[in-house]
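Which chain is which? They are A, B, C, D, E, F, G, H, I and J, in the order written, and residues in each are numbered from 1.
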């Protein structure tokens, strides 16, 4: 633990966030995401925690990419599925607080998987909400 | 995640609990414990979580040793320190629920450190309460 | 060993089951399957044990995927081969007990091999029955 | 699997038995033995299996040391404990079949632990019987 | 060394033979074969030994594949080369003794190399005879 | 790089600072210190940088231990040596700014070396000033 | 530290410069470059330092390739971006001092990334200037 | 050092020469060759030594391939380059002494690089002569 | 294989012989020696071979130490044991051929074991003769 | 290779020299020294080269320790041995050229060995001269 660093950020997660550069992506995955199978570089276990608290902790330090249309991505609701991913509202609120108005892209499920495989790291939370995975693209630190 | 396994138990922690045998000890450490420095075998990061929830999840699967006087140990309050470790009451309640009446030993701080160095694993939580470290000695599974 | 965890689940197998996510597959292979040669991620030795006992132990914790037609696969009997894989009846009974009515897909031998190569893990048992390999696709834990 | 090799012998266990020389010791441990904590060289998981079947499979290939009084050791019953380790009778029968009359030494519990720490390998079974751990000292292959 | 296991089988070679499954192949290479360069999984040094003794030791435990036309392969004599690989007669005799009448396929040199690269293991002997490399495809252990 | 994290803190150094617990020590070593030879756990290269900037960056996140007399140590000037380590004044100023009045212990050169060998990490800077090594003992994060 | 070697060159960076041969490339990356994600061979952390000082230190030992048109490359300013990368003037001055008149190529951003992925090493500095990444191609040492 | 083994052959180089088989290639590279970048299997440092002495030491033990037209290759002089690689005369003399008349192939520079990437090993000398790299293809040891 | 190097010397054994210096010891162990358990640095498998052929191959390159009374050691016959280790005569003949008159020390069994644990390498042969282990101390190569 | 760095310094040796700090020692060993057996941290092969050229290359960058009586050590001639280690004269000349008048300590053979075991690195040359090993203690770089 350190002064001013949220407890949910593990030492390895902080290291990974620092190693990332402009354009690199990180996935905050829910508890059912095939995180270990998709991770090609880093898989960071974050058991017992939910996505929103991890998201907020990360955004305290992590700028979003202003050079692309949408530096944030979530999984598109499968056509016909009546689920309303209300957790997205929470994400929007947190993101707005730290980064202002940011466009969030909805990505078709299998494209999301492919993109996760190219991400620099995947954080495996225990989030139980549906459609709760989120990708963040790192911006420039000034 | 699996059916019937609390989310706070990471895959590696579950593996370690299964590898342990009769008499082996595990430390659930608070956020200020020098966990990485003391761990001689396994250090299991459990950032963002508190000791009681980890304790309860572990005891769901993990029997305490009935062959010793006290299969549980906490750090003795340093003489003169007015702190009342009220978190111990929570520990007692959880332990009683899973294992019945079990004696809890209070161990002098530096002896506690030495014992932690011999433990099979140390779980590093983000618990903020004082005097919150706890050692569990594994019993026989029947 | 732990309370409530079948003895046939090794610590590493339990860890792997927990690491798997929605859509990941695991192969429970018989004693003649080229398990080590096919495994691209995890090979878990389970010598001395048979497939049904491993299958039952896994299904105690592991939900099957409800989002696909058939979350279970076995090897199709080679055309002309008079063998009746009676062990499949045992599989169906076990699966029904834990997951209800589930469709089991029969996969042509070489397609089965290719699919095994993409599985998250292969469990190498000593099962002697013919046509005894089985693939399970993990579902969502709620 | 190979012709003439019992299924309970894993590839790694067979390798270890072959690497051992005159005077080296192997522990076949029951399911509650702190096998991982004691193993200083090899820990061989053998989950789901019992000690007698492993013992018999090993003795098919493994000669006992004729140069010491007792090439086999079990844990002495703790004074006052009414348990009768009837599994020992099974051990004696198996050993007699393969190696003739061999003296079995009863070793005090903590001395047994220390000796296990020096063994070349520990095989971790799921044996549930009490006082079921056994040490074998390898003899000369002629 | 173990009772009943030929001395020429190293511990690692025995382990590898056990790990192999139905359809996996092993190459017993002569002393001039580029074994280390071709091996993609296991290279097992067997210096100072000849192919026939290794072949015989392996066949004691290793069944050949009855599901293919030719479970054994040797390198085809290069057109124009007057060499008569008399060592093949020795191979046939050994194979017949252990596995009965088995077809031996002659494979063109470069196809042989490509097949060796996909083998589960290559055993590097010091055999000096020409055209002495041999591939064995593992069958089903019953 | 991250928002609010000084550039001189490398990802690995940040990770190490987070892994440390109450009572663990870190050495910020000058360019002539035998850092690689003394480091028993982590050696963190910080070439091209000076001690004061590293010290200040660390103290932004790292509390000093309030439970010991002196949570900071420097090397005692060798008796007879006329050098005045003026860099200590800079250290005092930085420490005061972040942690208030803190006692700094002067440790005899060889005792300092022994203490460095037990530290959790040694940061190897390119500081050229004499007597510029400094040890920090981590306190409790509240 | 060594006599005559600039402090900003870490031991590993010096080793890498020596291992490089004619035609190999090294990237000196600014603080926002995705260095860890792009590095396929060596990533050398150089936190707390700026590109010009690293460039100058490297050129003290490292000849540029005289066999290509442009042995140095920078990222082309994105069309429409009003930024003037004044740091390039500094680069030119340093390069001129060590290697005389050398052509510097401007490479389109994504081509630059692809080239960085093939470089022998990437040095990750904390440079804050925009368009500050630079690639050097090693020449012949005479 | 051993009796009868030239001092310039390092233990690892001798091991590699022994591991090589018929048709495998080794590169003896000059000091400017990008040896570390090209080596896909073994890079053997041989700093402070020249190619001719390494060549002679290797040929003492290493037969050249008699089954190909040219078992030796050097880099073709770039068209227009007036350099006369006189070191080739030295190579020819050494090769003749050990292997008789052997054809030496001149390979275009970039084809040479590609071939080096497939070699079993690259020996990195400090040779300063131009066009001094040489490839040897191993023959059959009788 | 190489010209002039006996086939029984594996690439790794040759490397180890070259790495050894004046005063280092190597054990050529028989098939019952606990080689893997005693080896602290290198264990070199030499299955299928006997000690005399390995001894002779080694002495072709390996000088014995002339600065000690006895550069060769064998295990003393246990008092009362009627065995005559006739293999020693073979050893003496081989040693005499390569190194002239050399004193061979007989070492008590357990002292021999301790000395083997400090040896640079242990070669594990399949020698079946009794009292067949031998230690060689390396001399100066001139 | 780099501009101004002697060819005999390998990339790894240069890295090691840079990692060393005040008081650390390096051994430049002759060809008969048991370098691999004594090295506890780094063994740097320098086959084919002699001690004087390595010594001179090192001293170009490496200051000797001015804080001890004798920053250089050689092995004392064994009493009774008539050898005159004339190579020492060469050492003195080289050292004088780079470091001025420096005292060279003669250390008894076995003490020399013990000291070598604590050195940061041992460079294994092919020097054939007797009594040719030398230890250098690193000084302060200003």
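Criterion: contacts are C-beta pairs under 8 Å (C-beta built on N, C-alpha and C of every residue); 3 or more make two chains touch, one makes a residue touch a chain.
Chain-to-protein mapping (UniProt): A, B, C, D, E, F, G, H, I, J = Fucose isomerase.
Quick caveat: nothing in here was measured; it's all calculated off a predicted structure.
Interface comparison, H-J versus C-E: the pair with the greater number of contacting C-beta pairs is H-J.
Averaged C-alpha coordinates give centres for subunit B (Fucose isomerase) and subunit G (Fucose isomerase) that are 50 Å from one another.
Chain geometry summary: the mean Cα position of subunit C (Fucose isomerase) and that of subunit D (Fucose isomerase) are 31 Å apart. Chain geometry summary: the mean Cα position of subunit D (Fucose isomerase) and that of subunit G (Fucose isomerase) are 61 Å apart. Each of the following residues of subunit C (Fucose isomerase) touches two or more other chains: 1, 9-12, 19, 31-32, 128, 141. Pairs of chains in mutual contact: A-B, A-C, A-F, A-G, B-C, B-D, B-F, C-D, C-E, D-E, D-I, E-H, E-I, F-G, F-J, G-H, G-J, H-I, H-J, I-J. Taken in their complex, subunit B (Fucose isomerase) has these residues touching subunit F (Fucose isomerase): 29, 31-37, 128.
Subunit F (Fucose isomerase) contributes residues 19-24, 41, 120, 140-142 to its touches with subunit B (Fucose isomerase) in the complex. The part of subunit F (Fucose isomerase) that touches subunit A (Fucose isomerase) in the complex is made up of residues 1-5, 9-12, 14-19, 60-63, 141.
By the touch criterion given at the top, residues 1, 7-13, 31-32, 45-49, 53-54, 126, 128 of subunit C (Fucose isomerase) touch subunit D (Fucose isomerase) in their complex.
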